[in-house]
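Across the two complexes that follow, chain A remains constant while its partner is chain B and subsequently chain C.
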Partner chain A sequence: MKRIRNFFRYDNIGLLFILPAFCYMMFFVGYPIISNIILSAQNVTVKNLVKGQKEFIGLENYITLFGDDVFRKALLNTLTFTVACLVFQFLIGFLLALLFNKNFRLAKPVRGLTMIPWMMPMTVTALMFKFMFSTDVGIINYILRSAGFIKENIEWLTTPGTAMIAVVAANVWIGIPFNTILISTGLTTIPQELYESASVDGANGWQKLTRITLPLLRPTIESVLVLGFIYTFKVYDLVYVMTEGGPVNSTHLLSTYSYKLSFDMFQYSKGSSVANILFLILLLVGILYLKITMQGEED
Partner chain B sequence: MDERRLTGKKNILFSTVSVIILVILLFPLFWTLITSFKTEKEIFLIPPTWYPHVLNTRSYAAQIETGDFNMFKSFFNSFVISSGAMAIAVVLAVPASYAIARYRFVGRKAMLLGFLVTQMLPVSVLLTPMFIMFRNMKMYNTWGAAILADATIGIPFSVLILKNYFASIPKALEEAAYIDGCTRMSAFLRILIPVAKPGVIVCAIFSFLYAWGDLAYGMTFILDQEKRPITAGIFNFMGQYGTKWSYLTAFAIVAIIPVTLIFIFMQKYIISGMTNGAVKG
Partner chain C sequence: MKKKVFATLVSAMMLASVLAGCGATAAAPAPAAAPEAKEETAEAAPAYDSAGEEAAPASEDASGDVTIWYYWETPGHQEALDHIIQEFNGQQDKITVQAKYVPFADFKKQLSVGASAGELPDIVILDNPDHASYAAMGIFADITDRFDVSTYYPGPVNSCTLDGRLYGVPFGSNDLVLFYNEDMLADAGCEVPATWDELLDVAKKTTKGNVYGFAHCALQNEEGTFNFLPWLWSTGQTSYEINSEGGIKALEFEKSLVDAGAFPKEAINWTQGDTMNQFISGNLAMMINGTWQIPTMRQEVPDMKWNVAPIPQDKQQASGLGGENYAVIAGGNEEAAIAFLKYATSKDTCLYMMDHMGYISSDSTIAKDQFQGDAVYQVFVDEMQYANARGPLPEWPDISDAISLAFNKVITGESDAASAAAEAQATIDSILGQ
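Then we have the complex of A and B:
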């Protein structure tokens, strides 16, 4: 008893405060991660999910996956989707951050309002974009037609290439606020005097941007891109609601394919293998991110 | 931000540009709202109408009357699920983040890393194991399953945000409380939590919003439409009625009511949550 009391006397009393949350997460997240790894090494389908023999088959699921055309397609799609989203949301977010960094009267309230897309349930965003991209009633086709860009309505969501454009557009819409706000915050850390002395030395706007803003913003840009990568790479609801991975798997991402395998085709083990590969990629990127941000922080 | 306030022409120019951008960015929302008040016939008109020429509130009313697809019921389900997840997340995350900010206990770094890693976790990793778990716990197809699962999104986020708030409270404040006879528990409850209240509000808001936006858990762990959250309701509805856009857009508008309210009344907390949560990991 006394030893226990001594153990908790100083800093270890913190354990009493953190253990409830920690145990909760171990039970509802830690344990599922482990059991997902075990699941991916078994052969579980709807027949033996609850009862019955679960055969251990090692890495077989992973090996079959790499021979699976849909999986390879989903992996490639995920990369394409992520890179396309990152490029556009970063560029637009960056420009908006520069704009809102000017001290005009409406800067703050307008910047606040641009945050709305980020807070919306992804299902609702998916619905809105599905509506706007729909072939006959879609406002996007109408605008493009009246502007003379197209003659016939485009079947955005039922044609392979254009379906990807539509889901990227929807996701960029969600991602812009996130990029804007983080870059805005980063911009406020740059001392104003630097710009003033640069002006005195005769630097123009472009030079200030490339010689002062971008180099000093580098840590922020790195964080924004890595976090954006992590968030985008695992996007699930948006694409699942808009296209369910179709047409002809052209918008299947690792996340949607994993869901489809598990809960539409009831091949639980295969689905969890896909999920694990997705997690592994995110983990590697995440470690990279932590390495970048933890540098210089004491803990 | 530039310290000098822009005035005159420049102010007007930048303000105009920013308002134009805002209008473009928020157009999808405006369009959804407008569409939800149009008749199905008017939605198909070409050229489209920019406001409902015939005001149609049936898309909202029909949901209550016919009841086969009661979005207000789904709304209520979502509300219960999100509030439950929020309560769990806040109750667990507040003491945990205080511990991380104040004490150097055994395993602190590992636990902190654990919370960071869970933020990178794709839902698909957890779905099947949780599905099996909730079946074994006899919680499958109940609100409870979605509440417990949704809380796992809010907890790590809240811990990471709140630890910064607690770390910024001067130690002297806590020590003064001990001298005045507070125990650790009462100092924590009566001094520290009230001081960290803005942070607690941020966590509550985000835990609620994350749960509100969840589709995967609600759809996978709850089978009966009667008990499902509004996001799953929308998804179902899209599957069944495909392109009944008047109903669908009304559904979408109802689903974003809480988001809008939170935004209107608590905007500063949202910005703080977005920046702190992301930059500090």
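Then we have the complex of A and C:
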């Protein structure tokens, strides 16, 4: 008894405080992850989900997957998709944040309006972009044609290469507000005096941006990029509604392919293997994020 | 200062996860493989007030609760089902039936999850190509000697059968035919096509301006496969023989339609409902579509002059069989579930459901009296004899995926017919060889 009491003295008492959260996490997060890892090491298909032997096959699902063209494509697609989305939504979001930071008239209401893409249900956005990118009646082809950029309509969603551009464009549109808001918040923490004294010293706009804004925003930028990576990497509904992974599997992401394997093709173990690979990559990025924020705390 | 940044970031992150959560739940994925009625509104059908009075009474020992899962989102369908359930519950007091709606996009997922967790209803009404998969999973009761399907059409019964045993009862069927816009064909001086060559010719002639001559849903999923397979079957090949003279010919035929500019490539993103909307908006002169679209079309465009004909053929007439089956869950309240099915499939009750939903009864003795004097529906009823079931095979979803990939590759020009067929065949053979 005394030993127990001693154990919880001082620092160890903290363990008690995190116990409820720990239990919750183990039950709702830990258990599904572990059960998914077990599932991915078995050969569960439609025939042995309910009855029959669930054979343990180790890493065989993962090995098969890396030999599967669609999986390799989905993995590559997910990376391309994420990087392309991050670059564009960060750049545009950053510029918008700088713009709204100017505090011109209407800056606040307009900044509020830019939040709309983020508030809209993903399915609505996806359907909207599907119509906009439609070959014959889509507004994007109409604008490009009217402006003289193209003569023939581009078959956005029915050609493998351009379908990817279309889903990236849609996701960039959704992601911009997230970047704008976080960077705007970061900008407000930079003291105005720095800019004033820089002006006195004769710094131009570009110098102020690269010497003051960017260095001081570094922690914000890092967080925005890492969080953006996590949100983009696991996008599912947008692509599912816009292309369902098509045409010819050209826009499959790890998330859509995992769903398709599990619930359309009844290959539960393979589907969970894909989900685990997705999870593993996000886990690494998550650890990176924790490291960055912890460094921020220590500084 | 950094703390403050961190705090704002964390709160933004929490907001973000809340929003992301909203997005995920609000996002009902678009209709996936769905060769069944979805967009239609049931037209006012004659009331069958006496329905069920002469229906088979519940068997002596059956009692308790029966839960049904179904995925029809159309209010007309839900009301029709509810109507017969109320009637059944009202006329006896041993069995209480209730129905639960599960969205189509989640239906297969729910069944899979329910199967592994042991949380299933007593009856499910499911899409017929998926039937064999779930039967193989072992969640459906074998009702071979407990339900008589001898008067049913062979196609639908086949879809409920696995290894010679009956694992369900066909609910109702639909099939595919050619819809055509009478005015557009007349303007182009064309007759209704009956062969592939004629179809290509008419499709070319009716393509002008914004109007495409012909289309069918060509999604890369079950729904697309459903619409493509009649071409393959018409050449005399089975679903498993795509790398054959007939299979390549079918793929090349699709290609020739696309190359002629008469078939919109965008059909690879059109559901059957989208295809119907293009047709009634006057953007299509002809389309392949199913029975369940008729109530909507009659309601939406009462003045449009359209008609139906059998799908143009190569060597033989062929159509795709769609529709739902009832399945009794093994280990559920099986006796009571079967008692309800006997009632639900009795003539008057069945007619009430079919007429409200625009379906054809799978029971040939009922179907032959259905839609008397309705020439449009009569074409569908006649086509039922040539309608093939997909599968039945537990691995059908994988076969279907290979087939839909093949015609998508050909339509988008990713590969030629021969290599697409060869690739699909390799996948099919590896599945069948297992």
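In this section, the second predicted complex is superposed on the first by the 266 of 299 C-alpha atoms of A that agree within 3 Å, B and C clash if a C-alpha of one lies under 4 Å from a C-alpha of the other, contacts with A are read in each partner's own complex, and residues count from 1 in each chain.
Everything that follows uses one rule, which is that contacts are C-beta pairs under 8 Å (C-beta built on N, C-alpha and C of every residue); 3 or more make two chains touch, one makes a residue touch a chain.
Predicted, not measured: the structure shown is a model, and the values here were computed from it.
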> Would chain B and chain C fit next to each other on chain A once aligned, or clash?
Replying inline: clash
> Just chain B (first), just chain C (second), both, or neither: which does A:K51 touch?
Replying inline: second
>> Tell me the contact category for A:M265 with respect to chain B and chain C: first, second, both or neither.
In response: second
> More residues of chain A are touched by which partner: chain B or chain C?
Replying inline: B
>> Which partner chains sit in contact with A:T189 here, chain B, chain C, both or neither? Use first/second/both/neither.
In response: second
> So, does A:I181 touch the first partner chain B, the second partner chain C, both, or neither?
Replying inline: both
> So, A:T243: does it touch chain B (first), chain C (second), both, or neither?
Replying inline: second
> So, does A:M122 touch the first partner chain B, the second partner chain C, both, or neither?
Replying inline: both
>> With both complexes superposed on chain A, which partner does A:T158 reach: first (chain B), second (chain C), both or neither?
In response: second
> Following superposition on the C-alpha atoms of chain A, which segment of chain B from the set 168-176, 204-212 or 258-266 overlaps chain C?
Replying inline: 204-212
> Touching chain B and also chain C: which chain A residues?
Replying inline: 49-50, 118-119, 121-123, 127, 130, 134, 136, 178, 181-182, 185, 220, 223, 227, 236-237, 240-241, 262-263, 268, 293, 299
>> For the complex, give me every residue of chain C touching chain A.
In response: 1-6, 8-9, 12-13, 16, 19-20, 22-24, 26-30, 32-33, 108-109, 112, 115-116, 133-134, 136-139, 210, 219-222, 264-266, 268-269, 394-395, 397-398, 401, 405, 408-409, 412, 414
> Taking the complex as given, what residues does chain A use to touch chain C?
Replying inline: 46-47, 49-52, 118-119, 121-123, 126-127, 130, 134-136, 155, 157-160, 178, 181-182, 185-186, 189, 219-220, 223, 227, 231, 236-237, 240-241, 243-249, 262-268, 293, 296-297, 299
>> Looking at the complex, which residues from chain B come into contact with chain A?
In response: 1-6, 10-11, 14-15, 17-19, 21-22, 25-26, 28-29, 31-32, 35, 43-44, 46-48, 88, 92-93, 95-96, 98-100, 102-109, 111-118, 120-130, 132-133, 135, 148-149, 151-152, 155-156, 159, 184, 188, 209, 212-216, 220, 230-231, 234-235, 238, 243, 245, 248-249, 251-252, 255-256, 259, 262-263, 267, 270-271, 274-275, 278-279, 281
> Quick one: in the complex, what on chain A touches chain B?
Replying inline: 11-18, 20-22, 24-25, 28-33, 35-36, 39, 49-50, 96, 99-107, 110, 112-125, 127-132, 134, 136-137, 139, 142, 146, 173, 176-178, 181-182, 185, 187-188, 192, 220, 223, 227, 230, 233-234, 236-237, 240-241, 254-255, 258-259, 262-263, 268, 271-272, 274-276, 278-279, 282-283, 285-286, 289-290, 293, 299
